[in-house]
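Following are the structures in question.
Each of the next two complexes has subunit A plus one more chain, namely subunit B in the first and subunit C in the second.
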Partner chain A sequence: MNDLRVRLSQNAALLTAIVVFILFYVFYNMNHPRGFSVAVLIQNSNEVFTLAMVAMAQTVPVLMGGLDLSVGAIMTLVNTIASHLLNGSPMQIAFGMVVSLAAGAACGFVNGCIVVYGRIQPIIATLATGAIFLGLALFLRPSPGGNVDDDLSWAATNDLYEIAATYGFAQNGEAGWFQPISWIPVPLLLLVLVAVLVWLPFARSVTGRTVYAVGSGEGAAYMSGLSIDRAKIAAFTLGGFFAGIGGLYLTLQTSSGNADIPQAGAYTLNSIAAVVIGGTSLLGGVGTAIGSIFGALILRTISFNFRIFEIDPLMQPLFEGTVLLAAVSLGAFRVLRVKNTLELFR
Partner chain B sequence: MTTSAPEPATSRLKISEDNKPIVMSAGFIVVILAVGTMYTLYTQGTATLLSPEYLLQQLQVGAFLGIVAAGMMLVILLGHIDLSIPWTIAAGAMMATTVGGPMAIPVGLGVGLLVGLVNGLGVAYLRIPSMIFTLGVNAVMRGLMVAHTGGFAPQTAATDLMQYLAVGKILGIPVALLVWAVVSMGVMLLLQRTAVGKSIYAIGNKEAAAYLAGVPTKWVIVSAFCLCGMLAGLSGTLLAGYSTKAYQGMGDAYLLPAIAAVVIGGTHILGGRGRYLGTLIGVILIVLLNSVLSIMQMPESGRQIIYGTVIIVMLLVYGRGRKVTS
Partner chain C sequence: MFNFKRAIAPSALSLMMMASAAVAAPAKVAGPGFDPGCFAPWNSEIGYFQWEKREGPHKIAIVNGFVGNTWRIQMIQTAKAYASQPDIAAQIEEFKVVSTGTDVAAQLGAIEDFINQGYDAIVTIAVSPEGFDRVIRLADRNDVVLVPFDNVLDTDKVMQVNKDQLEMGRMYGRWLLEQFGDKSEGKILEVRGLPGNSVDRDRNIGFHEVMDASGGNWDIVEVVGNWDDGTAQKVTADAIAVHSQFDGVVVQGGTTGAVRAMLDAGHPMVPLAGEAENGFRKILAEQADNGLKAISIGQSPGMVSVAMKAALAALDGQVMPQLISIPIPSTRYDELEAGKNYWPDLTDNFFTVNEFPACDVNITAREIMTKDAENLE
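Moving on to the complex of A and B:
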């Protein structure tokens, strides 16, 4: 009867995440000593982009009812690959980017094949492949370093004006028609592009719907004649591709490659937190990668707020941990609504 | 679950589904030892790996991982997981050295127990997936310890008793190994001989069925998490004794190997199936693999690759799930 109300209730978790993020971010900007400025926006979106990508990477396997403990490792591996390839002529750089992204997707494909054909549980299969990817990353970059094209690195981490000025189009960014959009930070634009051009088409494709179906009930999906194997492999491959974008961007942001194992672990764990905060169920079948983007935004905005309130740095991890624990504990309200105890055991 | 009914004599030669991982892992341990010995014979002309002193020393180091894995197994058998292990270990170690004196070890265990209690309550009563709840608890523990120590390695030292338990020897046998043995006996008895143990398997197989059968599921889940936390606290206390003090991130290297040891030993990651003997063998396998790789002076990159490959290959051989068709 009321289509809007149904749609709202179906997306309640996503909407909550968006509202919470807006509240946090407005609060941050109102308390920022210099108020809102484009420079702050650029810096913030730079800091958010990689985690947002890794969170999207985590979402796809989670929707399928699995978990990918190798997203941080794939990001790190692509980071080390890109740190070798992103220099030279424009053609060489373009080639390097394609190879980096393909490597990310290939890692995800390997995960998918092991899960589908090896029939090993995703959590334990990706735990193992994660170790292998980190080993390869260490092999490529035993110590941090790299040679990344400065122009590209500068252009990708600033606003659109700097891209135009660096590569000399739209009259070096001075053209009149270019002014209304010249302030947009590149990472923010990339984030929207990836969500609109990659995620939304995938989620609406048959394969994407199959991923949701497998997460809701694999047996039912099989009996409905859906090609489960293809959906699983596609889910992991897309996850690897997203993690690859994150790794590529990290390379541009830091101008170097670093096979940092603790960092890979931190990104993996934060990605799970972002997915949950973004309203995706760890049981599978419910949620969207858009929510995970907002989950990542919320996590990062919390750290932004620490910065301006000059909280004792030693207390920061405790605050972050408490907020994380409180955020995931919100799911406990489900328990209060359950009328039949047996409904709890899903 | 295994039944106690006597098996017919003809089935002696057949390896049951439950024992297959144990036999295979044991075989793989022999392979590791053989390869390592050939390497040392070739490069140094000695069979260092096979000397009892060397093996005992490796097992002593393995005891810390073994104690953690024993607790982890209880939680995995339930179909849950405990990701708060790293900072439970560190918190146990740090609080034990801070308090010092005769109360050091009880405090270390108590801290672990408390963390486990929080985990258990969150998972059993709030029904939050253990994967994410224990992750949050881990972050909180890290925060508490950073606030407590100021982000540096604490200056406090381990007590003499802690050091004795970690590095002391009785009749040539490391005390840490004896502690591991006592823990192992306890866990084995718990799983095979007590109602709680049987309930753990039942919940791992089908929680709703266990609940309907009258198992106090919440209570069993809370106790399993408590035991897991307490064993992590014990391991942290011993680890502090081994290196004479506690330090930041001292538990980080134990989470993934503990999960890997449990899974390589044949425990199903979704719970309900697995024998403690397998976990024991899994720990020994990982410890020996590590030690052979360091004898071969394998760089970290190669170690990670071999480590991951071993887990996958072992699981491909015996850990394959069934295709879901209905």
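Moving on to the complex of A and C:
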């Protein structure tokens, strides 16, 4: 019992984010003209997936106490790479996916090496590398376009039934055992898989714990004999990998590549917002990538509501900002319960 | 909800199986289309679409991308003013406008959301010329009329509305040549728009095409003004400082700034072709007697109302061209009339061209600016 209470209090920010998301999302669906349906769920998870990935990408360096300004650029670069490779035979497509994800991870690795061996602040290092990645993206796709396998992009952006129907397994999706899961949107499933198969093992590994330790106090982590350099490089590489997944999915979603610079910037900024809403401290050491997923969900759900309610189009940014500020402020409530303000300075 | 899903799944399956065979909602039919005066086909090779006629009133949504420059804001206000005109309001049951920013995933999401909400038509300015295959498929499947305009898509699968940017460039060239008379050489300043944008590219190509074809010896100096008053003013001032004098000027956008730079530098007033900003027309009205013989040609934010009208016509079961070319409205220096095609008491940023008589679209500047006033309250 006592253990549960400790766990709850340790994850208060994450729980707040989950509760806020559920409130927003239920509210959206209750007011949706056609009510909740699988089509709405598919659409919502499609729209959220890339941002959720980029937010996870941002979380890892933030946990370490740094900001990564290149996550949007890595996503864009991978998008342009994938738009050249995702076609042809199944083997070629699989190869293209591996290359795209590897490119994302490589970008992150470069960031990590520059931060560790160049001894440059992450925010400045990634500002520079972000510009380089965007330059490469523009080089690969001077104008938007690309040729992505139709079946794949359709199947990946729908529910499991469409995958089965497209690739002809489980009796084209009609098999009895398949029915209970056939409605699950592919992006939602991917999101859960990435969180469970990539993030959780990482966070529990020594390297993952070192990332947290570096964020809490680099000096203490060093004195404890942890391998700080390795953790930093691993953190940026994992960030690049997550951003790469986001870019790959964006390619499938749009069946094209576009070196869109304003869009890359928007994703980077939104990823930071999602990280903060998800309860990760910008000072480092506290938080989780799962929270950032919910942060991204909250960000998107706010704008979902613009499509249902009568809000003046020119007032929408103001409204969005106000709701965002309120959501972020929820995390500040703990200040009210602090007995000694010195505690805030840790 | 599951029944609904299953009901549409087989059609999706067949769509998947025959990637090329269209099970799309609009029938491909032969021309000529409805009201060709307003909905002019882009060229003679354009195909025609026909949707099944359905009873109004309809639900219409506008999914804008970027918001933040005057043109986009005026576009949104025009859309609202048009939707509230009595004969249009009678055909619309619900009308919604959202701006998604420069994020293509969010724009695709918004379009898909409106499809799920059961909207009949969705009018959009695409953030990217590519990447809309999925929503086009969904729109066809759910019998929704999707109408991209202004920044259109590189596809012939949807009905789109735009102005012929090449032709606009040619109009610049023809105007200058007409003003030059029998002069056959000279230096011309061309203030271009946002680099890399198809609109900038096409206007430039059209302009050069006409100038080259004239056979004259024209020295064309190109500078980049980003369609922005401030930038255009700066680069024009720089160009005048370097080249001292031009025989003619072409400005794609930010004309008010470019002409101000000419006035500031004491540059003589020469033939000019520019956009349709109110500020430019105000100066033009004052300076025409001093030799500023100019034509003002506009990419109007009012295009949104033609796109809306096209959507309504499509919902009414009319035969529509796949790519609709909107007439390019132009006003010569000697046709300016205060309160009619420019407004001395309105701001410089206001885009003057909002009426399309051929389409029976008559939204006055007052109506748009009144909408503005309401928003500020």
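The rule we apply is simple: the second predicted complex is superposed on the first by the 327 of 346 C-alpha atoms of A that agree within 3 Å, B and C clash if a C-alpha of one lies under 4 Å from a C-alpha of the other, contacts with A are read in each partner's own complex, and residues count from 1 in each chain.
The working rule: contacts are C-beta pairs under 8 Å (C-beta built on N, C-alpha and C of every residue); 3 or more make two chains touch, one makes a residue touch a chain.
Values in this document were obtained by computation on a predicted structure and should not be read as measured data.
Participant: Taking the superposition on A as described, I'd like to know which of subunit B and subunit C A:W183 touches: first, second, both or neither.
Facilitator: The answer is second: A:W183 touches subunit C but not subunit B.
Participant: So, A:Q121: does it touch subunit B (first), subunit C (second), both, or neither?
Facilitator: The answer is first: A:Q121 touches subunit B but not subunit C.
Participant: So in the superposed three-chain picture, is A:M315 touching just subunit B, just subunit C, both, or none of them (first/second/both/neither)?
Facilitator: both
Participant: Is A:P262 touching the first partner subunit B, the second partner subunit C, both, or neither of them?
Facilitator: After superposition on chain A, A:P262 lies in contact with both partners, subunit B and subunit C.
Participant: Could you give the residue numbers on subunit A that contact subunit B in one complex and subunit C in the other?
Facilitator: Of subunit A, residues 142, 262, 313-317 contact subunit B in one complex and subunit C in the other.
Participant: Enumerate the contact residues on subunit C facing subunit A in the complex.
Facilitator: Spelled out, the residues of subunit C in touch with subunit A are 1-2, 4-5, 9, 12-13, 16, 19, 61, 64, 66-67, 73, 76, 96-106, 108-110, 112-114, 116-118, 127-134, 137, 154, 196, 375.
Participant: Quick check on the complex: what are the subunit A residues that touch subunit C?
Facilitator: Listed in rising order, the residues of subunit A that touch subunit C are 32-40, 43-44, 46-47, 50-51, 142-146, 150-151, 153-154, 157, 161-162, 165-166, 172, 183, 250, 253-258, 260, 262-263, 266-267, 270, 300, 303-304, 306-308, 310, 312-317.
Participant: Can you list the residues on subunit A that touch subunit B in the complex?
Facilitator: 67, 114, 118-121, 123-125, 127-132, 134-139, 142, 218-219, 222-223, 228, 259, 262, 265, 269, 272-273, 276, 282-283, 313-322, 324-325, 327-329, 331-332, 334-335, 341-342, 344-345
Participant: Which subunit B residues qualify as touching subunit A in the complex?
Facilitator: Interface residues on subunit B, with respect to subunit A: 81, 83, 122, 125-129, 131-133, 135-144, 146-147, 150-151, 207-208, 211-212, 249, 252, 256, 259-260, 263, 269-270, 299-309, 311-312, 315-316, 319-326.
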